[in-house]
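Letters are used for the chains, namely A, B, C and D, taken in the order the chains are written, and counting of residues starts over at 1 for each.
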Amino acid sequence: MGRLFVVTTFGESHGVALGAVVDGCPAGIPLIVSDVQRQLDRRRPGQSALTTSRAEKDKVEILSGVEKGVTLGTPICLMVRNMDQRPGDYSTFSRIPRPSHADLTWKLKYGIIASSGGGRASARETVARVAAGVVAQKFLGVGHGVEIVAWVSAVGKVEMADIADNPPCRDEVDSTDARCPDRTCAKKMASEIMKARKAGDSVGGVITCVCSGVPPGWGEPLFEKMQAMLGAAMLSIPAVKGFEIGAGFKSARMRGSQNNDLFVRKSGRIGTVSNRSGGIQGGISNGEPIVMRIAFKPPATIARPQKTVDCDGNPVILEASGRHDPCVVPRAVPVVEAMAAIALADAALMAE
Amino acid sequence: MGRLFVVTTFGESHGVALGAVVDGCPAGIPLIVSDVQRQLDRRRPGQSALTTSRAEKDKVEILSGVEKGVTLGTPICLMVRNMDQRPGDYSTFSRIPRPSHADLTWKLKYGIIASSGGGRASARETVARVAAGVVAQKFLGVGHGVEIVAWVSAVGKVEMADIADNPPCRDEVDSTDARCPDRTCAKKMASEIMKARKAGDSVGGVITCVCSGVPPGWGEPLFEKMQAMLGAAMLSIPAVKGFEIGAGFKSARMRGSQNNDLFVRKSGRIGTVSNRSGGIQGGISNGEPIVMRIAFKPPATIARPQKTVDCDGNPVILEASGRHDPCVVPRAVPVVEAMAAIALADAALMAE
Amino acid sequence: MGRLFVVTTFGESHGVALGAVVDGCPAGIPLIVSDVQRQLDRRRPGQSALTTSRAEKDKVEILSGVEKGVTLGTPICLMVRNMDQRPGDYSTFSRIPRPSHADLTWKLKYGIIASSGGGRASARETVARVAAGVVAQKFLGVGHGVEIVAWVSAVGKVEMADIADNPPCRDEVDSTDARCPDRTCAKKMASEIMKARKAGDSVGGVITCVCSGVPPGWGEPLFEKMQAMLGAAMLSIPAVKGFEIGAGFKSARMRGSQNNDLFVRKSGRIGTVSNRSGGIQGGISNGEPIVMRIAFKPPATIARPQKTVDCDGNPVILEASGRHDPCVVPRAVPVVEAMAAIALADAALMAE
Amino acid sequence: MGRLFVVTTFGESHGVALGAVVDGCPAGIPLIVSDVQRQLDRRRPGQSALTTSRAEKDKVEILSGVEKGVTLGTPICLMVRNMDQRPGDYSTFSRIPRPSHADLTWKLKYGIIASSGGGRASARETVARVAAGVVAQKFLGVGHGVEIVAWVSAVGKVEMADIADNPPCRDEVDSTDARCPDRTCAKKMASEIMKARKAGDSVGGVITCVCSGVPPGWGEPLFEKMQAMLGAAMLSIPAVKGFEIGAGFKSARMRGSQNNDLFVRKSGRIGTVSNRSGGIQGGISNGEPIVMRIAFKPPATIARPQKTVDCDGNPVILEASGRHDPCVVPRAVPVVEAMAAIALADAALMAE
């Protein structure tokens, strides 16, 4: 992924290790293990009552590209060894593909439902993305003053008011288990998640992400528009089904006179009064904060019985056991931040 | 754009010609000028009362890659000469950037608001995409039996019922000026557009696109998930602000037990009862139709006076003249079909 | 070809047109038709007694990316229409593949020996490269002060003394039909070529290319070393069989104490006393001129009878008719310059 | 490196670890640690009297992409931890750049001569290439019956007769320390190397590489010709200064009637009598063995005093200490095999 800031990930859920190689990060950026560890800890399972009980410690090691706490300009390899492997949990799914899960398509494409090749692989693979994303965030922060923050803005039908114009800091986001900075709303979300868990069910949600400090001029005018790169990054996260930039689908319901962001003189630059463009015009950043909303479907693996068929087409009732998240959005917050950072870092290098 | 089915476009709105080079299309695919011309005619301005009065004939010429009506496997160059150039129409915008338009970001990035470099350029550039998309559609149709159809499913607040499970054919779509196959709805949409035009305003809309016949196994499991490639393709179309695959943002409001697509035996394969996944699971096509919704904002150029600032930050009232679309979605239908086809053609070659 | 300075070519020898799209050239570079035409005229057939009698005028048209003689930063499309098409000349070769020619491999790969798809296609395709190379040379010249000159340094067994340390200008190169700046040597080369033609035969040769003014720091340290990019560019020219940077194969015969380029203070920078490195150390330009030698085999199509087999494996005697070059190196000089420029332009953008 | 068979390497000479991620290798290819270890042992230092005394064990670990000895189709990460790190050895070179070494260009490009970022880094980085090359060789061997063997065909002025038509096996190559299958010649080479070492000097050499069993049809007709991809791969190896395919520079001295490879019926296919094309015609493999010659310069780091200047341009006499190879070609044999395999594996996937 990426043209100049290139991220390659590796690793299976039940293999030896997962990791990422980041190629293209400039020399001289401060980077230490604890920078990476902090975001991994926000993603790791078992961190609160709202997440799966699988307890991976996910300790990261920096194998290359960094010397004395500073990047060298060479490829940076970040590795996390797997600890809590229980391949046995997934044996059922090689016969009965889980509805709305990758089990069947993987089998149709590769001929196998490998416990390590598929299954939970996809979601666990985000460990590598979060690690790589920290490198991108350090580069963007140190080199360009960009700050990225994401939070849970909806869980099921519980929706939080839009605060993209005045985004919280990460500590505020982390102050609730639901990673929603509005405490009242966060309680309702937590309750929604716990209800779903008790019902053996799962629930979807929405994450809002704001990138502040992006200078004007990032993004390419044609196929690599800034929103196309960000959209592709987000839509490559497991369970994402929708993406909006700025006013998104709401724009489609508006008149131009309502939707247009009028220009106004701001300190030292021309800014906009409103930000329905979400910080991007014509595919290129305009200096206003970049605002995105990302829709996550409810996790496919549920404990409730499902009337489906096995690989041979025979009707079966599937009741999944194992340890699964009833809702992914609280843990997906650092993943969204990582993907935003990787897409922006690439755009930053392209614009230089 | 693309890894194996690679499309390069060229041309400015007011330059000599626009076009596309398609590299990677296999040999032996039937392709004649009228195939391309048909889709260009669906995109061209001046085709109905709902579009701009700029009347480009947009005659396409095939310069290479085709002999005796069949592709050779070599790069295919498709060219459309510009006829109706009036660069003068855009001189104002080099001083006063249009709100929510690319004028300012282009100037910030490249230092110039060239009448031919920026301005309407971006939207006119879709001529090249439509032409390239026809090559992709021929390859997908002949080689794989894939059919792609898009239609207008919303204009402003007028929304059509969801018919993705039973999509219309292109003739049905074209039977109304609004390119909405529901005639009652189409009338309301046309009225909505005419009202906006009379008010010197513009209006947004939504296009739904269904790709039938996509075999299981297209799309890559990590960064190049099928929905990520389709999302990037759609978000690279000018004015697109949102993208959904399958149930999209609705999924975020659902429980897993409501959202999951249960498997069922279909003729010769395992299919799903519902299609909230939109034909993609785990980033890979599952054999069901691929269903997308794409949100277009209202065109930024409106005749109504806008209180904004010029390039120096001085307050001005901008009243745009010139010939502009009050709503882009009717003409954007073939553009959406083209981008879907280009992304799918690349995935098809990757999967082989 | 290229990561940031991306060149796409199109066109078949006997099709409608050939051309190139150059994507990534910065805005503001002066470029007019005659710049391109001059190099095309140096490449075109029929320019002297030493070349084929096929007389293409090869008039170039700039379709996009340039306004008022200056690049816009958008893709530049350059097109040359074919005039002198005689597909009939090549009909024999669809049955009897020419030895050491692409006829057979093309047929094995694509299933057809198309008169327009294969055959002379490959060599004529260099029209597009020369055109694209002019854009690269203008960018390198205006933006970076880089000058590129190539000349014929050997034809068959006639070899010219090494003058890479003091390269000629293009006018000196063009002062002889053989494009060899040493007039005595040039006469011998011309005689060698005429002898081969009279014998119904062909002859190989070597081109030396020097790029002066390349600043230190171009080229990437690992897979995209400057010499790897230049080597790939040259080895993609039809008929090229060998590539050397600096002392090349001679280095393999030397001791380190003979081969090393000792450093010395030069005006304002650290230079080297000798230039056996050919301007590149560790894959990165060092500020000395980049020096390459490129070996071309004799053209495969000869009039002398050849004892070979047809596509079915039956023994035949092949005697080719038609108009063919007895030696490609005089006309290949601008092609070598173009490929050097394209590779360097990409490295320049990567280094910025 | 690569479009479909993508190799990313990481690691510095004096960092924690080196390695490679191979993305694109199909599932189902047998791969075990000892496969990789065997080639690493052929590359490792300290293996014979002809190499440096730095004794890295270079034990490889497979971190991902392989389960039960078979590839999964997911990215394969191979890692080698560094053991024998002595950064102190290189401190001098941060002040006095070694002639014909990357020290100065690295400093000019990145601003630092990091002991771990530059210096010996480049040569040690080939550990990762050798490891990745084994994956490519297994894929080519199992999937396509391709066999790759390289040997030392020249050291300084000692040249071995051409045996490309009848290449040795790897055991024969390894039967001498010089990795030259001709024992008489190998003795002379060993003596040449020992003489250079005693003189505090170094010496260059040539490696010949033959790839047998490559089916017709690999390679792309334009910029990604098979020889261009192989040439770029070889020229990206540290110290390589020249590359020939087939008869190479000798072709330039020949007439077409001498150089052409006449076709002949071979068992079940059309082959060629001679192989001056080196297995490639028109950029596409023709079914004959692919034959290459690669020129390596003498190592730049020598113990003999060199009259040069330091980073400030002040004259100094540089006498390098430390442990260095007097000649790289014996150890470079598996590196050449690896690069050939990686380029061919990519071409194989492109051709499918």
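To be clear about the criterion, contacts are C-beta pairs under 8 Å (C-beta built on N, C-alpha and C of every residue); 3 or more make two chains touch, one makes a residue touch a chain.
For clarity, every value in this text was computed on a predicted model and none was experimentally measured.
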item	value
Of C-D and B-C, pair with higher C-beta contact tally	C-D
Copies chain B and chain A - interface residue numbers shared by over half, same or different	same
Which listed pair, A-B, B-C or C-D, duplicates the contacts of A-D in over half of its pairs	B-C
Most widely separated chain from chain A, with each centre as the mean of CA atoms	C
Chain B and chain D, separation of their C-alpha mean positions in angstrom	47
Rounded Å distance between chain C and chain D, as computed from the means of their C-alpha atoms	27
Geometric centre distance via CA averages, chain C-chain B, whole Å	40
Residues of chain B engaged with two or more neighbouring chains	9, 74, 221
Chain D contact footprint on chain C (complex, rising order)	1, 9, 97, 99-106, 108-109, 118, 122, 125, 154, 156-157, 196, 199, 201-206, 216-217, 221-225, 227-229, 231-236, 238, 240-249, 251-265, 270, 272, 276-278, 280-287, 295-302, 304, 306-309, 311, 313, 351
Partner chain A, residues of chain D touching it in the complex	6, 8-12, 15-19, 21, 23, 27, 61-65, 67, 72-77, 79, 110-112, 114, 116-117, 121
